[in-house]
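What follows is chain A paired twice: with chain B in the first complex and chain C in the second.
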Partner chain A sequence: MRLTISADAIRLAIPALSLTMLLAAVFWLQPRAMSYVGLNLLFNLAVPIALATIAQMLIMAVNDLDLSMGTFVSFVACVTATFLRDAPMIGALILAGVVMVYAVLGVVIHLRNLPSIVVSLGMSFVWAGLAVLLLPAPGGQAPDWVRALMTMKPPFAPMAIVVSVAIAAAAHLLVMRSSLGVLIRGVGGNERSVERAGWSVLAARAAAYGLAGFFAVLAGIALVGLTTSADANIALRYTLLSIAGVILGGGEFIGGRVSPVGAVIGALTLTLAGSFLSFLRISPDWQIGAQGAILIIVLALRLLLNRVEKREKGR
Partner chain B sequence: MPRGAVGPRGEFSWSKPTSMTGDKPKAIVEVADAKVSFGAVKALDGVTLAIRPGECVGLVGHNGAGKSTIVSVINGGLTPHQGSISADGDILAHYGINAARERGVRCVFQELSLCPNLTVVENTRILHRHLGGFGWRKRAKEVIERSLDAVFPGHGIASDRSVGELSIAERQMVEIAMAFSDAGVAPRLVILDEPTSSLDASLAEQMLTYVRHFVAAGGSVILISHILNEILSTASRIVVMKDGRIVADRPAADWTDQSLVEAMGSVVKGEAHRRATRDLAAAPVVIEQGGRGMPFRAKRGEIVGLAGLAGHGQTRMLMKLHAAKTSDWLPRRDLAVTFVAGDRRLNGVFELWSILKNLSIGSLGDLAKRGVVNAAAEAERGADWKRRIDIRTQDLANRILSLSGGNQQKVLFARALSTRAPVVLMDDPMRGVDVGTKQEVYEIVRQQAAGGRTFVWYSTEMEEVCLCDRVYVFREGAIVAELAGGAVTEENILAASFRGAEA
Partner chain C sequence: MRMLDRVSRSPWIWSWLAAFVVWFATIMVTGGASTLDLSQAALTFAAFSIIVGIGQMFVITLGPGNVDLSVPSTMTLAGTVALKLMDVDNAMIVPGLVVAVLIGIGVGMLNYALIKALRIPPIIATLSVSFIVQSAAIWTNRGLRIKPPSFLADFTTANSFGLPNVAIIALIISIFAWFLLEKTVYGRWISAIGQSTPAAKMAGIPVDGTRFVTYVFCAVLASLAGYLLACFSGGAALNMGSEYLLMSIAVVVLGGTAVAGGDSNVPGIWGASLFMFLVVSMLNTYGLGAGIRLIMTGLIIISVIMLAGGRQPGAR
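Moving on, here comes the complex of A and B:
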């Protein structure tokens, strides 16, 4: 084996590096964050974002984009805080049903050759409407087991870190190691070649959408576990956060180039960027702009590295 | 030299047992009287072709001869509109990709058909559907590495690298090895469509040696290549296609470069269409471009043809010419070049716009005053062009898609010609256009050229190339021949497009 750093490793190095630098900066500003409780507080909101990012990543792996992620996670949160607590059976059925709806969306998008952006934008209004019907005003309550799960205190490392690592590992196994994952990424890379090998691209796309729905459902449940109650607009930011997380983690909009580990790191980085800016005492009015600036810097860095890589290859 | 005893008319006289499959020498795949048409174009016009075990069939023909179409029919990607397909002696009603793969039919396509974002091992997994289950990575790695080692000994390709990171030659090597790899279903018929286009001579020789071994062991291969030497030295029989038909089918030993080139040419010559040669020696050069091979140069009022097999750098040359004469940032007030797209759907028409809007978009600058389009002038210009090139529609306000393909193409021509650009670049614009429209457009081009416009015309159709004053023939990304005046003949173009014995 020759010792070459693969492009994938470089891809992953940048988000990891940005996270480390951001973390170092936070610790320098606020040394007390360097503790079990501190780390948990810094990162616990990253868990639902990481799950939503994985969901978005699965959709992006087949060259599509889901603009309904935020409203869908909000809707799931509302279901969790109402049905899943009061009537667990019906709640579970509803959640299983909406995962199916996601798979069906994949089928429709593929069969009718529709732009996923348009379909998911339309669906975002459907989910938002359903969420408002369920919880017209903020309320509901998290099921106890969800609450217990999200507030557990594992030894050695705080819950947020343990769960993030578990999510990354599970998504990596599913997307990068399994046959199904290869097939899904293959559809993103070269749909015709997958078709010529005799696979059903339709089934692959449906599977990608179904899995994305599943991860998004987990994101909604995890979110309610942290906030204890729900609201129809609770996760609207997730649409853009999840896309940013995938891109930050080394994924690309087209070509089936995605990295689950990178996506989780991207979600952690985005969450941390918010805390970092608070520690800097930047007023919340400026935080969104500053968060955007961090995104631009990281992406510029990647563009630069891509260029270097290309130049080396062209030689 | 081709091996084996080959009887007359491609009958393969069987001499050794097929140890590999245990079959009698029945055809692995036999296509009988296949007809395929795309709109007005007959891609296959009654082709009968049988591939028997233990033979390597060379398939040659110029652009549009139907090579790719017959390949698609054999590999199950395309169902012929008429005709039957049988495999191992049985006529199959439902022949598709999966049926073909189960019978060991594999294909290496001309364009890259691997997933660039996946590793070599993962691509192997995609290709071999039955490789799944726990530990498939290890199995796939073994399968592809065994095949790579067999076809290209000493290849040095690590199977855990992603295909996008490999060089073009390495990708092609992987693709070829992939087709010959065996994971459960052994390859019996491998179709190689221009397999050596990115390989250097020694790698090409390794591959051809492997093909000969494979064929000697009872496998069969269909080999398509523009390098006639490869075909002559490897194939056991050679099939020549022209205009969707098989025009000759003889043992390889009976062919020479010369006779192959002659067979690919058409019998009837379109000499009647030839224009009188004009003396352009004094005309100024309006556009030129260096590069690998011979330099490109076009004079004022000249029609310059770009010929050769499709995908050998003609479109790239047009792009280069366009890029050299346009600015990256601000549009120029006076266009130096204009472009007529070949793929109408992809980069030609605005599907949702009216015919008039599609026509005037190229020259809106001339039609506008202080940034506002003068609707009257636009309508007038539209009506003028409608009359001049006879766009068949009631109303220019109709949607562009209401027109036939040929008339859409005329609108695209009008868009380019209504600008003031002195040079028109054409990227095979007459693909799939009916004969009547073609004649009309030829006439317009001729008139405009006489008026001092320069045309650079890439065409895959011999008839059009022969209309040009001067022709550059492309091969492997470079200009390899320049033909002028009386030398612009089908024979000369074919001879230059296919690499013969000089290689």
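Moving on, here comes the complex of A and C:
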């Protein structure tokens, strides 16, 4: 028993350690970042990315992959900046509707045994089209309450950190502690045995997709709260960022092995990598490349610590 | 009847059927006036997705999780560097091609080095590499737009025997790929690894070598496509590869290659590539706006995959 706890802890220690190291490097380069305002600026954009990463993680927990995350979050951002402000009722209905669409996608993918990659690829065109219809040019305005929520200044810790911790805690309770979460991860681990045990795999997959849609909607709303206006291409990077965040946080593509706390930490790491590079004054040409290099270094670190984990197990 | 039965069961027939329906729906609107133009344009633009799609298919055949996301940045880097080297000089065409292929080999080796040495999942490894390669492309390009050598510009936009030259190149590559897959030991090895890597290992197949060659092959095809595309469109642009990321995956899967790996087919790539271009041109012909066009494209992709149906895993 003690052995498994230690293995799990090490699994989580890897992303936490890389985040700490990156944060230390940022503080060393720019000591002024070590303040309330500084931290808030560093992690501001992490909130929507963390939410999108949790959404992607839920889908990866049932062995699927969502390639439409970026366009979906963009679409939600467009709805938030237009309908949710001007006609809150209709806006809320649309957002509830698209969460239902996500659940239905889960049902269709399960019933027809379709590759989720292709279905979400198709959906990414649909969301992009809807977003372009809503906002052909960048514009719209964030609803006041969203703006107020995202720019709130709680005591002790900046909003971005408070929200990230809250997201991690909520997702942890949902995925690791609730029976629904266990069921969802069970589908990823061994679909057949879940079915034989009398559970409905269909319902589990629909729930996973619906919850993913819900978190992605929150990501879109949070994003508009930060940027104040929206654009049909605002969050296209989120597809790859969310997948990378889950993997950085110790998740796996198959087998239902995911970690919500790790995923949030992964998202924070990715956000921080961007700030770190601008502090380093790397030429803009190489910014993207350096981000790739950081990704590689962090994963190399993970390999190293995985070896340690193996040695622990072997003992 | 038995022939019909066999054809209807082959996975590639759906993409061809879909491509034909869309082609027919388009020429019905234009009254058959631009049939030849449409077909030639479709073949030209499909040729690029066919070339990158074949590379991607080899990688996807390796099994779950294997996909190469560095395709677009490899295309961009190869196109940019080759055009810069050739510098509008017809005599430099061959060195340019060699450099493009070398870039492909380099990217492929880097991809597999990360996958193997750091045991990173291929999606993340190729994603990281693509960031680095994209940066290298930005650095070499510097916003310049160098024209391709006149001979290459003419060659890639011209037809011979009524077929676009780039389509003929794609056809040669496809036949080569088909031969590799169906007639050589290497092709059998890829499928075997995709169906079960542990079993392939036990059967004594050099799994690492095969995967290495496959990632390099995919990157080389991507750089070749980038070289041709840069010449075809009159210069390399930094975003020229971006649409080929999703396109290369879409044509592979729509073409009937199993996403779970181990089962590939070349003809399907042709059907799917033609289909993807024809859908867009059909919706253009109907005069629909960008938003509606995107929505329709997405819905059509989903309906095609639903019609073709998910094959039961294990069913052959």
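Observations on the model:
Note that in this section the second predicted complex is superposed on the first by the 299 of 315 C-alpha atoms of A that agree within 3 Å, B and C clash if a C-alpha of one lies under 4 Å from a C-alpha of the other, contacts with A are read in each partner's own complex, and residues count from 1 in each chain.
Simple rule for what comes next: a contact is a pair of C-beta atoms (placed from the backbone, for glycine too) under 8 Å apart; a residue touches a chain by one contact, two chains touch by 3 or more.
On a predicted model such as this, the values are computed, not experimentally measured, just so you know.
Model built by superposing both complexes on chain A: chain B and chain C clash. Looking at the shared chain after the overlay, A:89 reaches neither chain B nor chain C. In the superposition on chain A, contact of A:137 is made with neither chain B nor chain C. By the touch criterion defined above, A:192 reaches chain B but does not reach chain C.
Measured by the number of chain A residues touched, the leading partner among chain B and chain C is C. By the touch criterion defined above, A:118 lies against chain C but remains apart from chain B after alignment on the C-alpha atoms of chain A. Of all the stretches 167-175, 203-211 or 293-301 given for chain C, the clashing one with respect to chain B is 203-211. Chain B contributes residues 75, 77, 97-98, 101, 107, 109, 112-118, 122-123, 125-129, 132, 136-137, 158, 161-162, 164-165, 167 to its touches with chain A in the complex. Those residues of chain A whose C-beta lies close enough to touch chain C in the complex are 67, 108, 112-115, 117-119, 121-133, 136, 240, 243-244, 247, 252-254, 283, 285-293, 295-296, 299-300, 303. Residues 64-65, 69, 114, 118-121, 123-125, 127-136, 138-139, 246, 249-250, 253-254, 259-260, 289-302, 305-306, 309-313 of chain C touch chain A in their complex.
The part of chain A that touches chain B in the complex is made up of residues 1-2, 6-8, 177, 179, 182-183, 185-186, 188-190, 192-199, 255-257, 313.
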